[in-house]
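Next come two complexes built around chain A: one with chain B, the other with chain C.
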Partner chain A sequence: MSLDPDFRHGCVELIHGGGGRAMRRLIDALFLQAFDNPLLRAGDDQACFQVAPGRMVMTTDSHVISPLFFPGGDIGALAVHGTVNDVCMAGAVPLYLSAAFILEEGFPLSDLRRIVLSMAEAAREAGVAIVTGDTKVVERGKGDGVFITTTGVGRLPENVSCSVARVAIGDRILVSGCLGDHGVAILSQRENLEFEADLRSDSQSLHDLVATMIAVDPGLHCMRDPTRGGLAATLNEIAQQAQVGMRLRENAIPVRQEVRAACEFLGLDPLYIANEGKLIAFCAPEQADALLQAMRSHPKGRDAAIIGEVIEDPRCFVRLRTGFGGERVVDWRSGDPLPRIC
Partner chain B sequence: MKYIDEFRNGDYAAEVARRIHAEADPERRYRFMEFCGGHTHTLFRYGIPDLLPANVKMIHGPGCPVCVLPMARIDAAIELAVRHQVVLCSYGDMLRVPGAHRTSLQKAKSQGADVRMLYSPADALRIALENPQRQVVFFAIGFETTTPPTAAVLLKAQELKLRNFSVFCNHVLTPPAITGILEPAQQAGERIIEGLVGPGHVSVITGGGAYDSLARRYRTPIVIAGFEPLDILHSILLLVRQCNAGRYDVENQYSRAVTASGNAKAQSMAARTMTLRDSFEWRGLGWMPHSALRIRPEFADYDAERRFELSPSEARENKACECPAVLRGAKAPTDCKLFATVCTPDNPIGACMVSSEGACAAHYSYGHTR
Partner chain C sequence: MSLDPDFRHGCVELIHGGGGRAMRRLIDALFLQAFDNPLLRAGDDQACFQVAPGRMVMTTDSHVISPLFFPGGDIGALAVHGTVNDVCMAGAVPLYLSAAFILEEGFPLSDLRRIVLSMAEAAREAGVAIVTGDTKVVERGKGDGVFITTTGVGRLPENVSCSVARVAIGDRILVSGCLGDHGVAILSQRENLEFEADLRSDSQSLHDLVATMIAVDPGLHCMRDPTRGGLAATLNEIAQQAQVGMRLRENAIPVRQEVRAACEFLGLDPLYIANEGKLIAFCAPEQADALLQAMRSHPKGRDAAIIGEVIEDPRCFVRLRTGFGGERVVDWRSGDPLPRIC
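So, the complex of A and B:
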């Protein structure tokens, strides 16, 4: 029997994680070819690379998503984008990634190949090299197809220091684009809900947008990508960490019409919906206009907006001036978003 | 967004708010109860109370299907999932509501029970068709709005002669709930509200005429309102005008969706499959006669209460929890000692804190009062 993986009809088997020839051939035929770079090709158990003097940043993230393929992306690209963006949010230049796969016995090799090629493409686009990795296989029923953990390393320019510790009263709050695209695209697939609109995930690496922003304002105070829990969770987290309040203007927050419509239909609030290709930035008020202009000049920041400012508030509330003229608190979400009954 | 942006326009809102300020008599008080949880949610989400004069107060009513379901019925659903090991299909909000011993369907699920969240009863029917070896139960809750879809699956299940599908019926009715709130006050010679923002989605089914006798009997104006913020603000203006004129009519602000007689087909489907219960327990309002529906004997094969033996519940409400008084409009969420201390959306003690349409959750999540 051939041990070469059959990428048309084959499935992941326990033997692919067993440390024997079958595993080696899967790694050679798939991962090495897709991610090909000198460090990976060296074949050692670790990647050895030269670093420039200065500060490095490192982050790690596990990616678990259902469905694995969705409009606008898949778990592979997402695993790259998520970690690259976490590196970028420090104002750093992403350099290297590791990738660990937990595969479920029975998962089609054709789908695995699709995911890995998508990862490779996303890494190339973000200018990072996947230099080390790992593969494990769990028995059928003990996984959810594929889980991917990626760790990212990047280099921080000398004059950059993006941190929640620098968020200050008076800071302006900017978002890079329309909110909720990713979460609604996933939800529409997961729940078999059919929307007429073409909703696609915003999954993308923000390395180039961040570079543009840093060039204009190297003193940028803080950046975060509003992933799980959306804008609301991210701002509440920062408000708590920095012990400040925030005031937002609902009319200024960009949300695509299709996303608003889908959220209306499901009884959800776009402020709480996940994003995978957007960022929130905090900057000194005098930098805000220049930063906004720079963001809007970049394709990934075309719909950027100044959505509010940091205020003094010992209770650390995020408040929203509604388009209707009232004010409300934007609180943390409790549990998963649940659709309304009637 | 066509048909939505028009109802969220801040300039129109400012104009309607100006009229309310101009027409509300500073010497009077206007306490208006919004019956629907959906209205409560909209009020807070758009900050509508900020736009009202100090003497125009909104009081939250019992119109959240999750909030009014007593603990015993939640325990029964958990028992179906755990002891009878059925595939228990439920609307999302019900999963987190605590039953006895602080358990919930969500906790039962994490311990191995097969509990599935769905958007439509039709999904429960599909699950039954796909799993002929499993008993599948749909946990049906809600007011007149959600009754017709349940009726539709009962009819379909009978047509398909399904042997592994049943409905745990907890549908409740709006007019008895309004009576349950207004009657005790009337008997005591008190007035607890000056007007009622009538239910929107419910009225699409029942028709506006369902409330005529209530408005007359309790001399309380009712304005049936849509769920957009401008709908509610406009309905408040109409209520202020009725109060000022000493009228107590049923007015239909939600005329784009609600007619006088309602949806005849939906009413007929519900009537074919369900009938009045003699009495049903409501959280906050107690046992009320003819206030809920059960499945008709002709559909007994699809009635989970007949198919499965259910134990009496040991459920005891937390004595400090003020959900019952909040649901009757007798207390505000902030009057409860547990509010925002022990009871939060992350650790809900009472049902009003669980559902996003519950008065306590809306106060907590959107309010300034914490």
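So, the complex of A and C:
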């Protein structure tokens, strides 16, 4: 067996995780080339970088999405977007990522390369460097192609402090765009459904949108990206943590017509569907209009909307005023879980 | 189904990774309680902490060891030790860890709790806080119980700069103790071998040993922990990166008698066996004796030894002077890979 990886016909083998020469060659030929940057090139088992005094944030996510490739993205880009966005939700500027791969024996090296190149591209777009990493290989049937865990660190500007602890009664609740695109794209691909409409994941990094928002309202109270469980789970979690209630206006919540139609067909509620390129923001009421305007001026916030407000409620309910004027409680989750959406 | 996790008879279910209330309750009842610290308690999707000006290091490792529980440790403690040690190998002081879990549907919650408590204990011992995390669940047969990816950040003292780039001709090579304990313990458990001797993993955090070493020789050139591929792979990798050769004295390399016997029985060479609580150090020749003495004064360096030196060699060979006075080249790896040793 040649130790040099064959990216056309080769597969991941156990020896690629063995710590020996085959692993070194895979790292050199694939990861170092794709992610190339001075910190990674130093070749140590850890990256070393200068930091300015102040506050940093750190966040991590494992990505186990199935299928690995989907309309609008793949696990590689998603692994960058997901962690970049979690750094940004603190109001921080993302700086560095680490990437740890768990590969299944037999996984095609051509697919791995495609995924790694997609990560590299996503990192470049978001202005972050992938500075350290790890590769493990598990036997056939003990994994599922590839799992990627990314961890991100970022710098928090001095006057910014976005946290669930700052959500307050009266806060306006904004979303940055249409909900449900990611989850519906994944599910329709999984179920092999062909809709007339083009359903694509919204997977993207929100670093630039967040920078625009922070510039207008550095006092922004809180941001979160509504991934697993969608808007409903995210708002319920925040309501519980902040010990508040929320009131939403159904008519104000942006959902693309195609997504709404697909959800109806699949028996799903778009409020519970995962997003990978949207955010929810909480701000003081007097900031809401300026913030909305700033978001709408950015391509990633074109469909932004004020969807409701934070109210007092000892039971921490998230209520929805429906299009027909009624009101219902939006619970954490209705129906079955949608596994491995991210 | 009750949403509260049943740690006596319950199992991981897909809904525990769904982003909804069941996931929240698992996180609250298990991870938050075990890892409890102010940063984690803030409840945001990222941890926020103050940093001093200077240099930081960042490192990541996925842990996929099989079996999950082994003599001398388990995947939880190992996931802390492995990443703490990679931070320390830069000469840095470890500060914070993130922990991302990929759980397989059906995995007993009692085992998960045991692993998480063991992580918490290992983190306490190493003086680091687990400040952020993630939980994903994959379907039965798409994972293997639990995989844990930890990422660590640490602060680098101003006058310290340990890197493979500083390895120089004439450097002395030291190891902190007996080699092969971890790999042999795992293999004998996997093969269901009963040796008379007590074979236990050496899995441990080296933060305190490293602090002792740095105090004596802040100019230390390079450190690495010889994990996958053992001493042989680690030294060959460094030789290649630094474009140097090395000469070792077989008689000087510490290996416990029981490990040597088990290796002979298993047909393995202890130089290729993984360690999880040992380090290799490169220092200037005039520092070697003082460094050795400092290491031996620490319980984790009791069996430390100077095992060789860095020499000029355009072919970057690692040579071993055998006990019989001959010399052989220690290649990256002999024989088969030993998968999933960490």
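Rule of thumb we're sticking to: the second predicted complex is superposed on the first by the 332 of 342 C-alpha atoms of A that agree within 3 Å, B and C clash if a C-alpha of one lies under 4 Å from a C-alpha of the other, contacts with A are read in each partner's own complex, and residues count from 1 in each chain.
Convention: a contact is a pair of C-beta atoms (placed from the backbone, for glycine too) under 8 Å apart; a residue touches a chain by one contact, two chains touch by 3 or more.
Note that this is a predicted model, so its numbers are computed, not measured.
Of the two partner chains placed around the shared chain by superposition, neither chain B nor chain C is touched by A:Asp4. Look at A:Lys142: by the touch rule set out above, it reaches chain C but stays clear of chain B. In the superposed pair of complexes, A:Asp36 makes contact with neither chain B nor chain C. Within the superposed three-chain model, A:Arg328 lies in touch with chain B and out of touch with chain C [touch as defined at top].
Once the two structures are overlaid, the count of chain A residues touched is higher for C than for its counterpart among chain B and chain C. When the two structures are aligned on the shared chain, A:Ala233 is found in touch with chain C, with no touch to chain B.
Residues 338-340 of chain A are contacted both by chain B in one complex and by chain C in the other. Contact residues of chain A toward chain B in the complex are 191, 193, 251, 257, 260-261, 264, 267, 269, 315, 322-329, 331, 334-335, 338-342.
Chain C meets chain A in the complex at residues 14-15, 17-21, 23-24, 42-64, 86-87, 89-90, 92, 96, 98-102, 131-134, 136-139, 141-144, 147, 149, 151, 153, 156, 163-165, 224-225, 227-230, 233, 236-237, 240-241, 274, 332-333, 337-340.
Residue ranges on chain B touching chain A, taken from their complex, read 1, 4, 8, 10, 13-14, 17, 38, 44-51, 65-66, 91-93, 95-96, 117, 119, 141-143, 145-146, 201, 229-230, 344-346, 356-357, 364-368, 370.
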